[in-house]
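My structure is below; once you've seen it, I'll send some questions.
Note that the chains take the letters A, B, C and D in the order they are written out, and that residue 1 is the start of every chain.
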Amino acid sequence: MPRSLPHRLLAEYLGSLLLAALVIGSGIAAQRLSPGDVGLQLLENAAATAVGLYALILVFSPVSGGHFNPAVSLTDAVFGGLPWRDVPAYALAQVLGCVTGAVLANVMFEAAPISISTTERATAAHAVSEIVATVGLLLVIFSLVRSGRAALAPAAVGAYIGAAYFFTSSTSFANPAITLGRVFSDTFAGIAPSSAPVYVLAQLVAVAVAVPLLRLLHPAPTAAPVTEGQVR
Amino acid sequence: MPRSLPHRLLAEYLGSLLLAALVIGSGIAAQRLSPGDVGLQLLENAAATAVGLYALILVFSPVSGGHFNPAVSLTDAVFGGLPWRDVPAYALAQVLGCVTGAVLANVMFEAAPISISTTERATAAHAVSEIVATVGLLLVIFSLVRSGRAALAPAAVGAYIGAAYFFTSSTSFANPAITLGRVFSDTFAGIAPSSAPVYVLAQLVAVAVAVPLLRLLHPAPTAAPVTEGQVR
Amino acid sequence: MPRSLPHRLLAEYLGSLLLAALVIGSGIAAQRLSPGDVGLQLLENAAATAVGLYALILVFSPVSGGHFNPAVSLTDAVFGGLPWRDVPAYALAQVLGCVTGAVLANVMFEAAPISISTTERATAAHAVSEIVATVGLLLVIFSLVRSGRAALAPAAVGAYIGAAYFFTSSTSFANPAITLGRVFSDTFAGIAPSSAPVYVLAQLVAVAVAVPLLRLLHPAPTAAPVTEGQVR
Amino acid sequence: MPRSLPHRLLAEYLGSLLLAALVIGSGIAAQRLSPGDVGLQLLENAAATAVGLYALILVFSPVSGGHFNPAVSLTDAVFGGLPWRDVPAYALAQVLGCVTGAVLANVMFEAAPISISTTERATAAHAVSEIVATVGLLLVIFSLVRSGRAALAPAAVGAYIGAAYFFTSSTSFANPAITLGRVFSDTFAGIAPSSAPVYVLAQLVAVAVAVPLLRLLHPAPTAAPVTEGQVR
């Protein structure tokens, strides 16, 4: 049965909170415990994110869709999934969740609860990377949704994001909410406030690229789509 | 068909034994073989735990539920799964299994069969981490159970725990029985007796946090839940 | 419903593009971030490739089969899947996609858009490795297809390729299109133009070895095969 | 439909060959490419083995069961699966396959085609480890078979073996055929001929331990068991 908006917003908030704690917390652990090799730090961060994201989407997808990402909610609205009027509330819940999760990660690792990141990341190559990373993410999610295989999304999204941490130079934020959340932790996974707008803009450009591609690849969505999170 | 209590206790004992051997044994191997990088040790320990836990839950879940964890058994009782009168016996079997598994790990690696850990771990940040880690674990398990997807629990729990080793500062024990078992091995995964009560208390607090959250997120459990461990 | 050839070629082109960006991009990241240990570089490259390939096959298989590999398309034609007349167009789309993906990887990592690899790889041991790697890949894909389990191919192919990066000395290119694409990036995953023909030849020899083996192992394909990419 | 014995023996031979090439080949690559950290070598070896084994069992299980392991074939016979008269032929095919695979691994890495390992591994702790590792493997496989979930065996066995490489001190050979094959490669994964009998004996002791445990845990096998390798 469909869930009320407050229930769904709670799920998006909690899921986004745990996602940010996962991404930032594992980044802090990796940076502290493997000081000698940045690649190893990223491997630890990517592996934790991939498997943790799989579990988080499984938990929250039956309630709210398990987006944790305004770019996903926006694309879902374009394709007639999420009602347009719910998009702003979803985005707000996702951003608030990611900021709270950043604070929680800082607290769990005995850092200052809030510290503004000083990691500058805004380059043209990173912007290209964020477009590629986010287009890929949207292709993964909505190819599955539009072909009646949404129940595979938790595993596919976790796997894709784990790969994208390595195959893009931006380490694939691919999510405006997590981008904003990462501003609040001056650690491995952080991003300086001055760089965040470039990332968010690239992620929104990706929505504009992915939507027509998805319409071309999957013109006729499967009649009775498996709802996201349903048992396979 | 439902299994007799002695059969179920045997399964919980054996599963907890193998879980402790897995967690502590892979910790010893990691510490000995990768002496130069603690992050790499934790990666080896986390990867082995994640995939091994998946296999162990698959093995024992059709018999006893495959809990290996008093916090899980307690929450299952709250939600009307495990009968309340079985909880103490489950917890006892789990603790005895984890202690036996610690001894087995020590023996497999030619350490003294029993050595009391001297690793102090009790800090406020670790207590917060254990609450977060255990709440997350309970959300994963019982979101799946309450939405008719219990057959996905073995993969989801393995994945979640692998992530939680990295995204919490406590390395996510998330289980009172394994916490007590780890006291008996003065190695990578060990915990000093003076620190164990803080961990156990945090894990029990997590039950009190997770139960109302789960009721809010999944108010009406699916009518015909797939029993844990059933074929998908 | 069956898709038009242009749709299918678009899917093969895009999938091959993303595959090359994945393989080459994660190789560049690994080489730059883990300069001290080539094994760790290969682990990062293999892990990203394995999980990313799983996601990419899931995305494109319902449209075009998700081959991204002329050796796979050729074998599919031999077994009566892909029409013979479509094989050249598939191969062309795959090669063009992989070359474009190499350029994209270079751009994402701020390297020259095109650089010709200088990594010589042509040895007898590497040729043997490529035959073994490609025979293994074809056994995985077409054993599943011929036994009605094509829906498992995305996970199985990702897993197999991740392993083959390590168990062969050639690091398992196993794909003529990606071999040609890798010529255009003088980075970790590159291959010198003088070495590429040996690799491609070995991969085609593998088709000749794998086809009779598959006929022997699975003489009677399952009557109603699950089409690749269908929901399990 | 049931397959002829020669077909099944071919499958066991080929699967065992590829298994030994996988285990030994990835061990050689790991040792050469990560000379500075034995734990990292084992992580690379374990990760490749886990995911490769998953793919190999998927390929060959519909033909022969995908055992590649005399301890598994023996246990299958005890439980009424494999006919007793086929056990010696299965074991012979498995040993010959593993020896051939060791030679292939040596050739792929430009080592002498045959070299007898000089790695002494026979200690009491290793013998205990092999018993634990093999009991665990048999519990995983036959718990799934006896509860109608054999289709999950490829993933569960790969996962379990990946974990067991780390949580036992013997690195979990858990297979008499691969133990004998490893004698023929004086590399990372090798075992000296003088140590092999201790390992094989421990693995056979494990059969005697696992069978009554499995009878106790799963007294009544599911009426219509899913045949191993069948689509889930």
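Simple rule for what comes next: contacts are C-beta pairs under 8 Å (C-beta built on N, C-alpha and C of every residue); 3 or more make two chains touch, one makes a residue touch a chain.
No experiment lies behind these values; they were computed from the predicted model shown.
Trainee: Note the shortest touch-path length, in steps, from chain B to chain D.
Mentor: 1
Trainee: So which chain is the furthest away from chain C, centre to centre on CA atoms?
Mentor: Ranked by distance of C-alpha centres from chain C, the top chain is B.
Trainee: Expressed in ° and rounded to a multiple of 5, what is the rotation angle of the C-alpha superposition of chain B on chain C?
Mentor: So the angle, rounded to a multiple of 5, is 180 degrees.
Trainee: In terms of residue numbering, is the interface formed by chain C and chain D classified as same (over half shared) or different (under half shared)?
Mentor: Different, since under half the interface numbering is common to both chains.
Trainee: Which integer distance in Å separates the CA centroid of chain A from that of chain D?
Mentor: Going by mean C-alpha positions, chain A sits 39 Å from chain D.
Trainee: Approximately how many whole Å separate the CA-defined centres of chain A and chain B?
Mentor: 27
Trainee: Enumerate the residues of chain C that touch no fewer than two other chains.
Mentor: Residues 36-37, 40, 43, 47, 158, 232 of chain C each touch two or more of the other chains.
Trainee: What chain pairs are in touch here?
Mentor: Chain-chain contacts present: A-B, A-C, B-D, C-D.
Trainee: Could you pull out which chain D residues touch chain B in their complex?
Mentor: Residues 36-40, 42-43, 46-47, 50, 123, 125, 128-129, 132, 136, 139-140, 143-144, 147-149, 151-152, 156-160, 162-170, 213, 216-218, 220, 226, 232 of chain D touch chain B in their complex.
Trainee: If you look only at chain C, which of its residues touch chain A in the complex?
Mentor: Going by the criterion above, the answer is residues 1, 7, 10-11, 14, 18, 21-23, 25-26, 29-30, 32-34, 36-37, 40-41, 43-45, 47-49, 51-52, 54-55, 58-60, 62-63, 104-105, 107-110, 158, 229, 231-232.
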